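Every chain is named by a letter (A, B, C and D) in the order it is written, and numbering of its residues begins at 1.
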């Protein structure tokens, strides 16, 4: 019998509309490094979606690369970046931020989220410390939307974070690796325009949201990071055939595909959560997006893993484990049904 | 009238066989980060082509990224990398090697090539200098095949470089961004197996040789760079959907496509050089590969640039300029004919 | 009235014996960079004191510099250094470790100390995590003796840490900025020879223990860090007139001065703790060394600070503060008496 | 018979006036990290000598450290530093600049000096290159006064360099490791006030000019490098007992000692050059400062080296060698006389 898979949201190639467009344009000639008309058009569409006509938009290949390049662009050498202890840059980027010379200042989180209060308390203590000139100055706050736990910042929470950044002259950067699954979520009240208004930089994730690869970095104030093109190159993050990124993001934003595919994935995840709950499984984290975290009894987990792929998340207790089921634009109702029969 | 283009060898998407295969496999599910069966198969094909069954093969996205990641993996912190003054890492990578903390020791070149004698003289002087412990120790020699000037190292020249590396306990790394155009060249006498025998690391370029993107790093001694996977991640160079690299290189090496497309490009370049010579243009550099460097009178260059794209290379004298015409797997005999009528 | 000062243990120049010796030797000529006879003699004395005749000994100028240079020498690029959250490298070195590209993995401490259990649990979780190749590998454990809170590791605790380092192939590095005050402490059961047996690298602090400046790095296995001289230079940490370091450490270790001055400082600190306790002040941390941490009522602290210098340490509660009183080789019984009248 | 030594200008401890003052102040208590009254007074004296009352002055320990810390403070990450191929940062700092992430753009020199024309031609070519966004932007010019060859920039030459820096929005940084020997030289027409007017940053060398150690960094515009204190700390270059630097520079600048000791050393060097010339030795480089470069026949060099220490500089031809004789504030007329008898 075929294996079901809910292991991640990047198990296929690309959304078919993207692949079609890549085929269609394949033999057209264009100059390299993002100076092609596809990129121009994609940038314009993104600016329009963000209601931010002045924004600089840059396309990079992957998430860790984007985080390292942007954070390196935003920090002064004597500064560090505040992040949740569960933040992707804190845990799963192999020290890419430190490799660039910066400390990640890891703060306590709840449900994967940093609160404005936590950030304020930290900064307050820093600036009041008479030895703060011997310490790493907080210069930037890093958050992800959705978080690594699938949870969402509300507009109110984001505005509070913006406020604390202003109070302490810090910048705000939002990692949108899975942003489609926030935008496609009914309970989400934060639009792209809100992000452009509240963040100094954010990125619209492509890799985990239907692209072959690619992340679109939005910098509302185009003067913010001087010579960002050269810095992307210096980080080894400049794609020679930049058009591939333009073509993909043009497809995602021409007819609202990005939001649509996010919605599809969230719907199957909602269905999954309903099934888990009905069958008496405990869910952890209040994730309304495409990731679902369930507690499985260890033996049950072992059996299930022979029929369906999912991710180990963390130990719950001696006899139980938290596991993650991810849906994507590619997950079908049929796959969810099949999973239901196995639970 | 349509513009002709010989501006670079990466103006299209991918070779059609690659795109077909990407479409064919698009909805198959596979795990991320290069742990998929496509990568396994591509690695095995490359090992076989290199006659090096033990080699570690890693797929990265682009050339600058590959150079930075490999060189960072090969050097000790107190060492630097020897390169030709015209080497890609010396000039056009925005300081990516220095960003990783290493000095590029730029030596004199001829026709884009480093000679064993030049390297030996430098190392000899270094080790005899009584202050050498205050200086950057040469630890690695970087060369490219073909070079940035389209020229080729002969097997004899490569063996001489290997010898000098052995004499001074240095490693040898070869940048094969355009390797297909060396392998496809009649006068080339260096095979993939030779490279695997003579280099500590080399990479087989995909981006400029028919792929959407991608470079295959070959490490004949798989123990050479410990934890290279983590280092790739740390450099932001780990592609989430690693399968895309596996699929492309599998297609290139399954039925000799890589060598074939190189051959095609070199044939059109040979045709181009014949035309230039017949029409009385001077060629500079002895390039037998897909890049042709011609001297144009400045006014002539201006006129021509309205009908055909090519690259400015360097000033020749007050009234002449060296320009580059690149062919690729996608260049047609028809395009060459059209260019002939314009010269 | 003159201000009393217990603000730090480096408020004077050098111990008079050191200054005398600097004057005596001033006009002798010697070669630079530590290749002089003073350094040779000092190294030999230190090797003898450490009962480690093969050890490499290097002299650097200051503590942060030493930590950065040694840790950079010990870690592979894919590794990070474990430290207590209160460790000097975690808090008060302005990100010097991250500047070199490494993550500080900050773990929970008690009394400023890391326990072997805490380290083992962390490493165990790391190696069992199926994503650990995407994470920073723990490669080194950093501890300080005495700790930043004045406390001491017992021999048993150190041996337990060594054991956990062995289990996970990690190195152990001990920061001895105030080591004289451990060695001079009655309850201390860890000798220099123990440190040489248990640590991969440790340093004997001079700056805070009677020198003008200087830290002696001891590497029991002299092959451990190749080309350490060049790396010291690269870090900007190589003193041109290296003899100054040799002269100072020769003086400290010729006739046991290092241990003696440590003992003197601890005796005045013991006296101080007795006074505090008798007068009903609460002491925090079990420091048996030259630093004493007392809780003062905020108003009392304000008054006292007009007559005596001490360091703010941290808020205790709304109305109380923890402050630090440091003694040194230069502190006199008379100063302690004067302080007693003020408490 | 005693060995004569002209091997370097840092073979003794400190000028006796400095040592006296260190003894005198030894038991005074002062706060650390340069916040003491000695530093304040020394800074004020330096500002006055530079006729630059607003300048920020920072004291560091050594030259390589100062170069790395200042250059790191002045460059943006996408920039590199122009230097002569013979510049100290190009050759003898073990890659300390690259360690901080920056490329040294090494240009052709004459007599150890960079000309404004050479710099202009390089920058011009850079900015005209259509690929310059893929290259390292020149952001700073590094020069030394005197140069590594003992030669001096004239005021006119310095003004021309300032002009080219202005043209290309670059900064100018002058390494004054041996500045006393320029200031003490009759043919020198560049004052400290000129340096403060023409350079963005320069440093007044102490280590090679009579101090135990120490370099005084002068930043005429105090806003130029934000949080420089923290960056000094991050580089491991912040001396705990900063007073030692204050005391030394206060002594050097209180009664013109710095210029005086420079003058003394140049006078003995002049005497030396007279002797060499009279005895028919060839001098290379037009050094009017404390370093003298003479051509010795190889056998003669061998004999001489048994009686007097000097530095190997470079091979002149198969049978001759260029060697360096350095004088300092400590060199006596008697030593010069003795050398005369040996030549």
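We adopt the following convention: a residue touches a chain if its C-beta (ideal position, glycine included) is under 8 Å from a C-beta of that chain, and two chains touch if they have at least 3 such contacts.
As the structure is a computational prediction, the values presented were derived from the model and not from experiment.
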Fill in the blank from the handout: With centres defined as the mean of Cα atoms, the chain at greatest distance from subunit B is chain C
Fill in the blank from the handout: Contact tally winner between A-B and B-D is A-B
Problem - Intercentroid distance (Cα basis), subunit D paired with subunit B, Å - result: 42
Practice task
Could you tell me the distance, in whole angstrom, between the mean C-alpha positions of subunit A and subunit B?
Solution key: 33
Exercise for the section: Could you tell me which residues belong to subunit C and also touch two or more other chains? Expected result: 77-78, 93-95, 99, 101, 133-134, 230-231, 233-234
Practice task
Can you check the complex and tell me which residues of subunit A touch subunit C?
Solution key: 77-78, 80, 91-95, 98-104, 106, 130-131, 133-136, 312
Completion exercise
Per the touch rule above, subunit C residues touching subunit D in the complex are 5, 7-8, 10-14, 16, 19, 22-23, 25-32, 61-69, 93-96, 99, 207-208, 212-213, 230-231, 233-241, 243-244, 330
Practice task
Provide the residue numbers of subunit A that touch subunit D in the complex, in ascending order.
Solution key: 72, 76-78, 101, 133-134, 137, 226-227, 229-231, 233-234
